[in-house]
Amino acid sequence: MRLLDYDGTLLGAAPMGVEKAQQAMRLMLLSRATDERFIKLQRMGRVGIYGPVHGQEASVIGSAMALDPARDWMVPASREHLAMHVQGLPLSSLYATYLGRIDHAAVPEGVRLLPRQQAIGAQLPHATGLAWALKLQRLRGAVMVYFGEGAASEGDFHEAANLAGVIRAPLVMVLINNQYAISTPAHRQSAAPNLAARAVGYGFRGIPVDGNDLFAVHAAAREAVERAVAGEGPTLIECRTYRIGFHNTSDNPREYRPDSEVEDAAERDPIDRLRLWLTSEGAWSPKVEAEAVAQVATEIDAAIADVNAQPRPGAEAIFKHVYAELPYRVEQQRRDTVTRKEDVCP
Amino acid sequence: MRLLDYDGTLLGAAPMGVEKAQQAMRLMLLSRATDERFIKLQRMGRVGIYGPVHGQEASVIGSAMALDPARDWMVPASREHLAMHVQGLPLSSLYATYLGRIDHAAVPEGVRLLPRQQAIGAQLPHATGLAWALKLQRLRGAVMVYFGEGAASEGDFHEAANLAGVIRAPLVMVLINNQYAISTPAHRQSAAPNLAARAVGYGFRGIPVDGNDLFAVHAAAREAVERAVAGEGPTLIECRTYRIGFHNTSDNPREYRPDSEVEDAAERDPIDRLRLWLTSEGAWSPKVEAEAVAQVATEIDAAIADVNAQPRPGAEAIFKHVYAELPYRVEQQRRDTVTRKEDVCP
Amino acid sequence: MKQLSIIEAIRAALVEEMERDPSVMVLGMDVGRLGGVFRVTKGLAARFGEERVADTPLAEASIVGAALGLAIGGMKPVAEIQFLGFTQQAFHQIGPQLARYRFRSRGRYPTQVTIRAPYGGGVRTPEFHADAIESQFVQVPGIKIVAPAFPDDAKGLLLQAIRDPDPVLYLEPQRLYRAIRGPVHNGDPIPFGVSRMVRDGTDLILIAWSAAVHLCLEAAETLARTGASVAVLDLRTLNPLDVEGLVAAVRDCGKAVVVHEAPLTGGFGAEIVATLQQEAYGDLDAPILRVGSRDTPYPPGALEDHFLPTVARVVAAARATLEY
Amino acid sequence: MKQLSIIEAIRAALVEEMERDPSVMVLGMDVGRLGGVFRVTKGLAARFGEERVADTPLAEASIVGAALGLAIGGMKPVAEIQFLGFTQQAFHQIGPQLARYRFRSRGRYPTQVTIRAPYGGGVRTPEFHADAIESQFVQVPGIKIVAPAFPDDAKGLLLQAIRDPDPVLYLEPQRLYRAIRGPVHNGDPIPFGVSRMVRDGTDLILIAWSAAVHLCLEAAETLARTGASVAVLDLRTLNPLDVEGLVAAVRDCGKAVVVHEAPLTGGFGAEIVATLQQEAYGDLDAPILRVGSRDTPYPPGALEDHFLPTVARVVAAARATLEY
């Protein structure tokens, strides 16, 4: 499925107005600028590890914008940073994870969002269960869950999708096929040319979309959310995109893929494509872009400053939230750790 | 896919000659008689637990007969008793498991067969690995693995199938959809009406067949084996059948399904269907059947007598084959156990 | 007071909680119309509907993972895993996910999930169906582990498990399901972390949980006939562990033996010994021996008596300790 | 003698075995062209071909399950699980399947499989990547567990692991991968079940394995400055456990502390204490203390120093024991 051609030509009905598309454009710029900033901070030793979204912005933003944050839930994997912000997570809470302020990073009360997941695929059954809970309680709403084509090889994917089919859960599964799981190319991940087709095996709909086409992603996601809310069950959307960046800041993709492949992919950049369309609509210009970029930088600065103003967690933090109430021995350990005040962390 | 109609009419080319069909008929009768005998032995307290094949004989025998036991491997789940015999396991070794002679139950050297598997679905990745080993060593051969529609919900199914697709393993996956996993009906197991269609999601062929049609099962299995051996990769065959018997000797299906459903299914009995065809070919008669039944009973008697002549394993058996060589502490435990001679078992 | 079997006591707790709190639900394989392979949930689907007593596909990881999602969404799921041995298929959803979700979400998503599973040997089950792997969960911070040995505790501890804000692994002694009946209070949840002295004695204490408690009671009875006064302590919960109760019990006797159904090496007995030799070193008059299953795979049913701890082995360990 | 890092030592063992025996192969995520996320298998695909050094899909259970099938089919697979924490996804294929297949098949199918996995903290990894869950495998009869702390042992024990007829879980100390270099013999496999005294001492013995051995060496050095003579024993393999070596070491010193990176409760330290208090009761002059990580989930990297055992905590436990 494609709605915006490589050159920005609209191939069907636009699923959003110009204003919303401008907003999407700003979010994609914010996403890319976040990547750049955190890679820089990582190189400076201020961030442990960071995985960029570069190249996948249309998949991430286009889908996230299809949710109603007051009604729907989002279950992220680990690379959909800005989607979490779209869903209502303040930018400074988003950044706090990378800057070591774990309590500030927590999802605030009222934001329908689960934390990031580092165990590939493990969030999928949670999303099914959450969607099931909505259904059992007759709550209107859908759950959108993100995962990669690598995650789609895990047993958790299969079990979560199959269960979702059986209970007709209001679930939207967004598979972001960025062609790589670390160094493993998609064709070594599965012999299936079409991962969306897996949905047939679970009794629901699967839609492959051009993941670099914000409109296609958004239209597919919006329809899937509507169907979920209407009680028509789950949908699997495969967003076909490309991870232009490295897997994360410890990775060097030159060890496993040719530059030419990346250059090719860069020509299908999702931001360029939307920019072309917006420009052709008279709704974007170099000047507007310059303003947007400046504003994004200011937002990032402010959010980082906000995080840096938060106290660094101390020893106490490792005992907090392990249990509602600490059992005897763990309480002893807490006291030992805290009273010794060996605050050995930086 | 169907080749033999309910009334025994042949709908296409017969995949086997009359003689082989007679042999299949005898094996199906042996299978059913084995069920009856072991249910009786269980009721007498001589067998712990037994799960009958009743109703699924065409799926089990039709597929097993497609293998070349001198070249191909079989990986059973736990209900394909007679398939194991077709693959070369002596009847007395097959029965020995149920009669508590675990060493006699072992697969003899030279028989290309893995032991039964009680963890649902866990055998599937083993089968993929085994098929991979054949391929890596350039050994001609295929691996056939059995599992139920319940097992097809496990993560192991998904991971094993996907890996098999990627490495183009010479694997034939025989999904025996007998409509129940204990009490859970197939429609509660998956919303997909066609489990064979899952193969698309792994990049290989899936074929749904009438599992009560020996010819259809055999033809599909034979083709799949040929393709596997020829390097054309895996096939998923869904045999649609019905578990006429109980799940196992501790189960009472009346608690979860109506008798009428079972009666309906019994009208599509796989043995009846083959008998009709054989009779129409002049190759079967009540007299031949009576002889076959008598012969089967004799075989069963002989095999059981053979098992009963084997010594019951003692304490030593629990320490045998845990490691190539027992570590210090386990060796101590072995000595303790054996020398105390508390041979507390019956 | 009503005399119930353990199965009946568990069912009674489920019914009470489901009556009391509409967010409590049951999910698992065959738990609905059939009422579970042991009929523990028999009648619940008819009473509370198939939505609240939901059959799931045959996929353990998704049962646990979905239970976590259900809890995040406001339900209080009681998930049945057909046999504890099959929690291995769900292991990555239990330790790293369910048990850590409160921590990971910094308290935003407490996960009030109970996992029930029958376990333990002595009933000639097929492979995996008897595996006593509780100690693998002991090293999972964040999940509580409960292992009742009597109908009354089975009910009271399950009430607590369902109401407890933390995830709980509730282990059911398969062998005792219908084998014993006992009085069951119509009352309150039983708090976790409180062991119970089920037989008094002054010379030695046998420490156990779940079905092994009954083995210890038999052994104590045998030992009594030769004049030894042997106490039996039922831990009831492994996490939280009643360290004070253990220390006090050992202080009184000076001698102890730990008995469990899990294989000896790495079993929870090791933790009890390590804890006691640290916390009650001065009070110990002999090494604490452990009696467990053999360090082998669980054998086929016909051979399980060679594998499992027996009264004779408990008595032998107790005698050696008494004579130390 | 060559000075190698642990990564180089592991790679050298893999190369030697693959040269020696054409049925040895490597499989796992990203092990091929990339050479694994730590580059342990770097260069192997180029040397031995992508069939023998095979990238797999992202699915841990199938990696282990397929390795078992490969072994049944005549290969000798060395499977890499990217981080030990992700063996949880494969748990049901390790304990109940791989470790028991020889037993289940009554010796017909021995399963010569090695699982390699990096583990342990101190390098600020994301969640799950540092989890020290070795004790969960200790209660799995049938699988051997190896945990080297030095390049030489890393090589010799891996040679043995690959040649050993039983399945082996080979734990790689992530923190030490490139942090230390040492002489590596060009020689034979190192037998399992033989611990090594890596520092002599007469007052107290510190018992450890993997990265914690180096913590103990530092602590012993610190203690030496105050006049205490502290020995350090490197277990090297957890199963088989060198019970005789442990007992002999404790007999000499009379006092011991066990140190490990896993959370305290239910860690393998408990088994060592329980074993020693039984086998060397008369020789003990003090309770054996354990120093482990805190009984909490592994925290985010920036907080790990509060969680992990530190030199200070080892020294404190040693002092308390010395002064007992």
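Each chain gets a letter, A, B, C and D, in the order it is written, and its residues are counted from 1.
The rule we apply is simple: a contact is a pair of C-beta atoms (placed from the backbone, for glycine too) under 8 Å apart; a residue touches a chain by one contact, two chains touch by 3 or more.
Note that the structure is predicted; figures quoted are calculated from it, not measured.
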Taking each chain's C-alpha mean as its centre, the one farthest from chain D: B
Which of A-D and A-C has more C-beta contact pairs: A-C
Centre-of-Cα separation between chain C and chain A, whole angstrom: 40
Separation of mean Cα positions, chain B and chain A [Å, integer]: 45
Chain A-chain D separation of Cα centroids, rounded to whole Å: 36
Euclidean distance of C-alpha centroids - chain C vs chain D, Å: 30
Junction residues of chain B, two or more chains touched: 102, 119, 153-156, 158-159, 162, 166, 188-190, 322, 329-330
Residues of chain C engaged with two or more neighbouring chains: 57, 59, 61, 85-86, 89, 92, 96, 103-104, 127-128, 141-142, 239, 241, 265, 295-297
Contact footprint of chain C on chain D as seen in their complex: 85-86, 88-89, 91-92, 95-96, 99-100, 103-104, 127-128, 131, 133, 135-136, 138-139, 141-142, 239, 241, 262-263, 265-271, 273-275, 277-278, 281, 286-290, 295-297
Footprint of chain B on chain D - complex, ascending: 25, 51-52, 54, 56-57, 59, 61-62, 64-75, 77, 92-93, 96-97, 102-110, 141-142, 144, 164-166, 193, 239-241, 243-244
In the complex with chain D, residue positions of chain B that touch it: 73, 102-103, 105-107, 109, 114-115, 119, 122, 124-134, 136-137, 155-156, 158-160, 162-163, 166-167, 320-324, 327-330
Residue numbers on chain B that touch chain C, as the complex places them: 48-49, 100, 102, 118-121, 150-151, 153-156, 181-184, 188-190, 250, 255-256, 312-315, 317-319, 322, 329-330, 333, 337, 340, 342, 344-346
Complex contact set, residues of chain D against chain A: 29-30, 32-35, 37, 55, 57-61, 85-86, 89, 124-129, 264-265, 294-297, 299-303, 305-307, 310, 312
